[in-house]
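What follows is subunit A paired twice: with subunit B in the first complex and subunit C in the second.
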Partner chain A sequence: MTPIITAVLVLSALSGVLTLLLLVAEFFFANYGECTIDVNQGEKVLKVEGGASLLTSLAGQKLFLPSGCGGRGSCGTCKCRVLEGAGPLLPTEVPYLNDEEKKSDVRLSCQVKVRGDIKIEVPEELLSIKEFETVIESITDFTHDIKGLRFKLPEGETIKFKAGQFANLFSKPYEDVREETSRAYSISSAPSDNRAIELVIRYVPNGMVTTYVFKHLKEGDKVRLIGPFGEFFLRDTDREIVCIAGGSGLAPIRSIVLDMIDRGISNRKATFFFGAVSQRDLYYVEEFKAIEKEHPWFRFVPALSKDDSDHPYEKGIITEVVARNYGDMKELEAYLCGSPGMIDACVKVLTGKGMPEDRIYYDKFS
Partner chain B sequence: MDIQNVHPFIIFFAAITTNNILLTNFLGMCSFLAVSKDLKSSLGLGAAVIFVSTFTAPINWLVYHKLLVPYELEYLQYIAFIVVIAAFVQIIEMVIERVSTLLYLTLGIFLPLITVNCAILGCALFLVIRQYSFTQSIAYGLGAGTGWALAIAALAGIRARMEKKSKVIPELEGAGIALVITGIIAMAFIGFSGIVRIN
Partner chain C sequence: MKQTPELDRIQEKMRPGVLTLKGFLGHDDRKLADILEVDHQTVQRLQLDTARIAACLQDLAERGADLMEQEVLVDNRYLIKVRDDRGKIPSPWGDGLFEKGDVDLIDQKTGKTLKWNRLTLRLLEAHGFFGGYGSEYRIDPEALVEILDPATITAQS
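Let's turn to the complex of A and B:
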């Protein structure tokens, strides 16, 4: 027994001494004190403990740069411009930067260490991604399986997003679901309405978050949201717009149309095709009809695929309805939102009518 | 000749040439092959190896002779040496980072690589096997590191020139031709055997 105990003791003592040495060394040598990170010329000033990488320091302050490899310097996605305080370019960064980036002080934030005050520049969108502890202001039943929820942001906070983007909603543990889960939902309210967020949520049978929303949430409940995210938003051109959506895909289109009204964009024609099965699946019809009446550039075309009753809407599946309404679509721009099947079918129809694929923007709900 | 009477300088010189840890024992091959593509990084890595081996050799000597031998725990030498090397690489990295940013940028990124470089562990084990004294172990650590650095710098220089001038058949490109060159350099180093030989 004794030899084993001595061995353990000696090895533990050795490790202990080395650990102590490391701690002492860290205290004396790796202590950089408090450093400030100036983001986008003073738009945000963060105070961090020096010594860590820029990427982790920023993440600690809830500013999340994209990173695929988790800071090991092997993916090259965490780039940002460092204007001051980064030190010379490291050999580990060189393979991921092209000449233009090197010239404009682009660095890999996971390799740059914060050793003093530092000035950086990140894309504006990243700054606006925030976490909100919201309160449900209202829940509206739109159809038998779609609800509209309005979330009030905490006092004094606002959200800055582009119409068409989405937010992540977190469900709290309920019934058998023990963990917090999150799903992405498109924002349906206008960017100008920045004290609250509206989401349109369609019930997914056995969906973890939708079940929570439909069966457990009520007005006044607190809900955690993070956003905005996403590359689905109105591009800045003068082209005529075709919007096609189904189900809860109406949400980002509504936001885009409301945003166009707010910004006074009236030189672009916009047509919104909304595909549904029958009349009971339609919602927001009155609102879009009112917009249509007031703004001559906008046209609302609801289409019902399986409703032979007498109704004022177009009949047929949405792709047929779109095809019927247009001849050549070469000069148009399209925004699609809905199920992957619907989007693939629509892309086929649009490209078939001459629309280049890079002018078709979509958000697949899967 | 009794090893204890050999002058440390001779051990230092032998460690660079005839007992070159890389060319005669083929230790530290992985980083040797990986980083020998350009001269600048190989000089950086070489300097870092010199640094670490010079510091860890005497420390490991102390750990072995003053801690493991008295408690008859020689069989723990591998794990003890590795722990010591890992810890000291960390400390050295912190010190360099603080003291000289320039040196840190040259060595810094290579230091963690060296923690897993078997030449450093080999160096510690050899000084035990060969029963070096404390001063001899310092000379040996410095020499082994220098020898390794010399070898990687030589290979990097040759590879850089070959890149421009030689045509290597595609099957041998990269690590293949590097190993062939390493073999030839090793044979050349055997030429030093006439001058000094220490086992």
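Let's turn to the complex of A and C:
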């Protein structure tokens, strides 16, 4: 028994020493020099110092892939196709890739190291994503758990986005959180207001970024934002639209409605159903009521699910309110933003009333 | 159970501020291997079945879900509130991302409480991890048999 234990111990010690030597050697001697990252078949050719992760190298060149965990390999969102130069798929990537993605050379860019020339393919829209060092101009308490924040962009900079898209907000290290962390939030301001970005943020108990926003941020603080991201935006059709939101899901709908006003889109009827529990959960009501008064194509319908007080709003769960406001919905299109459960329930109601599923747009941030 | 380098790496991810604000271990300063071993022994002694515990808690979460996140009384005993947050939390074991959204349960019979989410259930079922002492997400096996019907969570013979 003893010789076996001794052999195992010796082997373990040897492999430990070898690993250590390899790490030391890589640290001191591995010099990958300048490497080239070819993006979208020569559309962009980036020269970077080898050795860092693909995600970091791209960010250093101001090409930002979406990332929810700051490159720690735990969110699985920083995917892109690596056509050449990535090396073999790593065990740390496998849980985040489906079979189709593995076949298509999709990789987690935070796990792929740039050790030579690499060819990658990213969605075209990612090339227009920018990083902003903003300053908080104002923080407004909208409800007991929702705040609105307005971030001023640096002098001379503007953001170009489609109403409905989102940005990533980065928290700085605080308390036990030792690294910068980011989360996605919908932009609530209009694209025409391009010198600033407004976000609506709901507090998530124990949320790493919302705790930072609610307990640490104050007006005048500097905050890093990256964006815009997302496929949730108003489609260019003539169809009547129905928007349904709850909580902080109001944000992208507000941006879409403000954008319709700016672009003079008055030929499409639009109704915005906003679901809340009671009056204390409502916000932006005055603004939407004013829009409704000024623009006949727009209707605002707040609905309260549990408020027996005397109020002028619709009563009931938002899906019930939508259902009783419409007959056949097959010619309409819908824009939804809220919790995953709310979205699922709305899709069921809308498709039940004849709306094709491919005309129901939403962003679950999942 | 031996504290392997792999368990060291997992335990590091369980620290507060790494994957979640408060981490997974509460005030528990034991090695992860010991945490897993002690709970494993309790589970064996009580003849609990982790898959059935996870299924039972998931069933309660589904029956306690409300579109407007209001409290729901289930089985005339459990007051349940389910938050439906957007986004996902990564598992410290690196085996996937799990939807956010906490479930808070108050057992009106015993006054005991439980808190969990989809990741808690995954860790419990796939890795036998019930949470460190003092973690608000700890699903204490001893408490479980008082809160839930033992017939639904013990191993079937």
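The rule we apply is simple: the second predicted complex is superposed on the first by the 242 of 366 C-alpha atoms of A that agree within 3 Å, B and C clash if a C-alpha of one lies under 4 Å from a C-alpha of the other, contacts with A are read in each partner's own complex, and residues count from 1 in each chain.
Note that in this section contacts are C-beta pairs under 8 Å (C-beta built on N, C-alpha and C of every residue); 3 or more make two chains touch, one makes a residue touch a chain.
For clarity, every value in this text was computed on a predicted model and none was experimentally measured.
Chemist: Could you tell me if A:Gly275 is touching subunit B, subunit C, both of them or neither one (first, second, both, neither)?
Modeler: After superposition on chain A, A:Gly275 lies in contact with subunit C alone.
Chemist: When the two structures are overlaid on chain A, which partner does A:Gly207 contact: first (subunit B), second (subunit C), both, or neither?
Modeler: second
Chemist: Determine, under the contact definition given at the top, whether A:Thr92 touches first (subunit B), second (subunit C), both, or neither.
Modeler: both
Chemist: Can A:Ser305 be said to touch subunit B (first), subunit C (second), both, or neither?
Modeler: Only subunit C; A:Ser305 stays clear of subunit B.
Chemist: State whether subunit B or subunit C is in contact with more residues of subunit A in the superposed arrangement.
Modeler: The partner making contact with more of subunit A's residues is C.
Chemist: Looking at A:Leu22 after the superposition, I want to know if it touches subunit B, subunit C, both of them or none. Which is it: first, second, both, neither?
Modeler: Touch status of A:Leu22: first partner only.
Chemist: Can you list the residues of subunit A that touch subunit B in one structure and subunit C in the other?
Modeler: Dual-contact residues (subunit A): 92.
Chemist: How about subunit B: which of its residues touch subunit A in the complex?
Modeler: Touch residues, subunit B against subunit A: 41, 63, 67-68, 71-73, 76, 79-80, 83-84, 87, 90-91, 94-95, 97-98, 101, 105, 109.
Chemist: Considering the complex alone, what residue numbers of subunit A touch subunit C?
Modeler: Against subunit C, subunit A makes touches at 68-69, 73-76, 92, 95-96, 175-178, 183-184, 204-208, 211, 246, 275-277, 305-306, 317-319, 339-342, 345, 364-366.
Chemist: Name, in rising order, each residue of subunit C that touches subunit A in their complex.
Modeler: Of all residues in subunit C, those touching subunit A are 13, 15-23, 65, 67-70, 83-88, 90, 94-97, 99-102.
Chemist: Would you pull the subunit A residues touching subunit B in the complex into a rising list?
Modeler: Against subunit B, the touching part of subunit A is residues 3, 6-7, 10-11, 14-15, 18-19, 21-22, 25-26, 29-30, 87-88, 90-92, 115.
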